[in-house]
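I have placed the structure first, in the form of structure tokens, so that the comments after it can refer back to it.
Naming follows writing order (A, B and C), and every chain is counted from residue 1.
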Amino acid sequence: MDATTAMYVSQGMHGVAYGMVLFLLASGLTLILGMMGVFNLAHTCFFMLSAYFGYQTIHWTGSYWLALLVAPILTALFGILMERFLLKKVHAYGPIAELILTLGVSMIILDGVKVVWGTQSLPLSPPQSMQGLVDIMGLQYPVYRLFLIVLSLFLLLVMSIILYKTRLGMVVRAAVSDAEMVNALGINVPLVFMTVFGIGTWMAGVAGVAIAPILTVSPGLSHQMGMDAFIVVIVGGFGSLGGAFLVSLICGLLSSYGIQFFPQYAAILIFVFMAVVLTIKPEGLFGEKES
Amino acid sequence: MNKTKLVFFMFIILCCFGALFLPQAMAVDAKYDLSTLPDMSEFDPDNPVNPEGDKIKIALVAAFSGPGAASGHVFYLYTSWAAYDINKRGGILVDGKRKKIQIIKADNQSRPDITKKVTERMILKEKVDILWGSQMSHLTRIVAQLAKRYKKIHINATSLSDSLMEGKNFSKYSFMTSYSTQQIGRAAAYYYGQIRKKEKKFYIICQDYVFGRSMAKAFKEGLKEYYPEAELVGEDYHRIFLTDFAPYLTKVKASGAEVIFTGDWMPDSINLLKQSRQMGIMLPFANVFINDPISLKEIGIENGKGLVIISPAGTGNPIFKNEEFIKYHKSWNDLWKNKWKEPYNTTRFKHILGNPAMYGYSIYWAMSVIERAGTLEPDKIIKTWEGDSYQMPNGKIVSMRSCDHKTIADLHAYEYVAPKDQKQCYNIPPYYFFDGTVGAGPVSEIPAEKILPKADPKLCK
Amino acid sequence: MKKSTRLTVWAIGLIVFALFPKFFGIYYSNIIVTFAVWALFAVSLNMMLGFTGLLSFGHAMYFGTGAYGTALALTHMDGLPLIPAVLSGGVASMVLAICIAPLVVRVSGTAFAMLHLAFAQFMFVLALKLRDITGGEDGLGGFDIPPLQIKGLFSVDMADPLCFFYFAIAVIVIALCCLWFVTKTPFGQIMVGTRDNAKRIDYLGFRVSHTKAIVYIISAAAAGVAGSVSVLHQNLVSANDAYGMMISVFPIMMAMVGGARSFFGPIYGAAFFAMLEEFTTRYTDHFELILGVVLVVFIMYWPLGFAGMIMKLKYKWLTWKQSRKSQGSAS
């Protein structure tokens, strides 16, 4: 590969890598949204919280892999607690109340991590085995970013299998379209909701620990990717996993090729994309029209 | 006239002559007195002792919460150290009374409207005498405007934008004790063009806002002036708090650049360095803010090599030129090691050196000016401060340009090297700054007159 | 309420307001102006949230546009009088709302909220990017504030904080009265109708999307006026101040805590937050944490906010009085 081709190809790969992490974050959000009708504004704060948990685990044990295992689970526990004791109570007051509740929770988490870990940003490295570069047909590419792509694709695969091939997935899909009916069939819908909420925050948690070695862990982490994730969910269509996947990829590629070709307007491109899609289809690419 | 009196007068006159022939470097209007350093062992930033009786109140307008809260704590620690020091010496003599200094936190949450409100509260309710801050140029401008309206002296030690002291923004009540973007950018260019003379291809990566843009502009102007044969192979401006630098770094890689110049601050600066090393880009970085020891330790010694930092606090090697400064530094270091609690006991606060130290030194300078003015009346303070020169505890000499209140000083370019090579700079045990972290080594001085801060032609004729 | 008592209440309010700066000084007067700006902004948001059931997570879009509208008008037009300067902010927001309304009235609920979040963010990025016009991060500031004058008749200097205090409060009270008036018209009834049962309003022959659009535009204009007064007060507008995420979030919190179902609820909310901020920021660095807890507690236990509490108390008092009366007549 000559240098110019290598540059374009690696720009594409960077776009895919970023898009994949974005998808990890956005998929949980859109899953919860599609299932329970709750736009969880605290989602990106869970993402940040998980990065902090990951940092703490590595600080204590020195193992990144343990952190990748433990931190998302801890985060998911927090998510479940929030669903059980807060969200469920305000469900009766309607979606706006739920939205504002998640806003309150996000503020608490955002300031809470400052109380516990301070305001300075905390550094984190990729695990020893994931450092360095790998040679792909003459293209030097960081191993860790490759790992991010593989991890996200793997999780996407697992999720699709669960959602479309298992009984749980069937129940979930049924509950999305008609929760009352599913409840009437004798299935414990609140439990299903809780599980989905847990899985959703777990995905955010995985994204948090996965992205931490590329960035530093700081309270700003939730804003850094938060807005992109919200846009992915809005443009992809509420509750659509496929839409989230596609739009995440587009976002990543737009960002990297945008920086390559129109560095001045790279930050705006994604918004222009959003505006175009929403003008044509306000419910998002794969969203269903509200009745 | 009796004989003793005559001898005394003769002696005084001789002294005056002597002062005239002293070497240039000693010709400062005032200096920090290291020899009378008081016992600082009781200093505790968590439990500040508010002085009794007459006092000079200084409002520290900075972020203590919200985004950017990290900076407020740094400012607070170093300025309150300086205040404690002065108070221990009995305060300063103003209007015939000895007054002590009180530092009051004014949390602006990094928000413009809050900055205005809290600064007004400081002026109208707390009745502070001096405003200090703030951490970003647009916030500093608000403080400066209020200082002008209410006629309070304003010290800006932290916002580096030249434009703050130009045109409509200039106010005679504001004094910029920090270096400015123009000085930094041109100093970097001077270093590469006139001192180092090796690398020729530069790539600029800065944050996409006023500060980042003016840093880049200053560097480009500096290259034109001091390094015409240099080539700018690319420039990019990214949004603040960017997640993924890879697309920019891919461009850098393809451009064949030899040095990356960046004005980014934390956490962008460290993310940029980290991601570039992860991508196998080992280029040197000419920068200002990649100096956080905890992040540098994580990045490792090999990856940290090749950083060049333009420092406002440099004095040339070695840092510790006399026993007294070692004592000064040690009294800080001992407290850091034994006494302070979170967050002040983290590695970042180990030394009273570098950028943060300058925040505290700005208090020394201002207080020295006020003591010499003998009053808290702003007009007299302004008159004394304009054209004043002062020697900081570390021996650095700074002077205040009269026409636009910008500080003129030599800057220093430090190459970051492995701990074993830091002895030339950090010349007391353990002979390195931080364990297992790259740090300042070889130094090059960039003379003040080569990199004067930008002067507004309307103000400075 | 009887007409005479209502008049006395108004008169007392007027006297308190007139004497306020005299007793409390400029600092607290400035806080009152800030509070009034937030109150108007929150009420404008609540025109949609409380009356039409539309929550916008990007109302800062209109606040900011109003602020930039006034700031740009004052920077570029020499000799622009004060009242047109304020109106230019309102009109700027209104124009933006007219452009966006056809797009957003088609959606509701969460989609409406998040769409606005994205649009406000778009405006934020735009304000940062078009730095030649907006001044980017540093913003626009330092423009001269025109005096309030009628040529040859009188002229009041608005750079004086005291005069500005009276002017700002007057503008905001007038704007609030206009909004209140809107809710009392038959159109106001249709608004509430669209919130409670949109289908029924549709069957009655009113067009739901048109109603929504009109409320939307009125709300945007009011937010624009709030932004405009704010920029005159601060003499500065920057991207963060105008389109920042928190600028959108605060009025929502005020409306929720104050009580979204009532017209005056957001005003109570604004007062509550003004006081909370004034007291807590002096003692703690963790204002955000406190805000979050307050918000969660209110949503969980008093979803109708202060206004709801007041209504409840009033209701209790009335029934208590009623029961005493009936007891009295019985015995």
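Convention: a residue touches a chain if its C-beta (ideal position, glycine included) is under 8 Å from a C-beta of that chain, and two chains touch if they have at least 3 such contacts.
As the structure is a computational prediction, the values presented were derived from the model and not from experiment.
Considering every other chain in turn, the ones in contact with both chain B and chain C prove to be A.
Farthest from chain A in terms of Cα centroid separation is B. Chain centres here are Cα means. That of chain B falls 42 Å from that of chain C.
If each chain is reduced to the centroid of its CA atoms, chain A and chain C end up 34 Å from each other. Averaging C-alpha coordinates per chain places the centre of chain A 40 Å away from that of chain B.
Of all residues in chain C, those that touch two or more other chains are 129, 286, 288.
Of all residues in chain B, those that touch two or more other chains are 65, 69, 208, 239. Residues of chain A found to touch two or more other chains are 111, 114, 223, 267. Remark: chain A residues 33, 37, 39, 86, 89-90, 93, 95-97, 99-101, 103-108, 110-112, 114-115, 223, 227, 230-231, 233-234, 238, 265, 267-268, 271, 274-275, 278-279, 282-283, 287, 290 touch chain C in the complex.
Touching chain A in their complex are the following residues of chain C: 49, 53, 55, 57, 103-104, 106-111, 113-115, 117-118, 121-122, 125-126, 129, 245, 249, 252-253, 256, 286, 288-289, 291-296, 299-300, 303. Considering their complex, residues 64-66, 69, 107, 109, 111-113, 116-118, 120-121, 124-125, 136-138, 141-142, 145, 163, 168-169, 208-211, 239 of chain B touch chain C. Listing the residues of chain B that touch chain A in their complex gives 65, 67, 69-70, 73, 208, 236-239, 241-244, 246-248, 250-251, 253-254, 266-267, 270-271, 274-275, 278-280, 294-295, 297-299, 342-343, 346, 348. Those residues of chain C lying in contact with chain B across their complex are 25-27, 30-31, 34, 128-129, 131, 136-139, 141-142, 230, 234-236, 238, 240-241, 244, 246, 281, 285-288.
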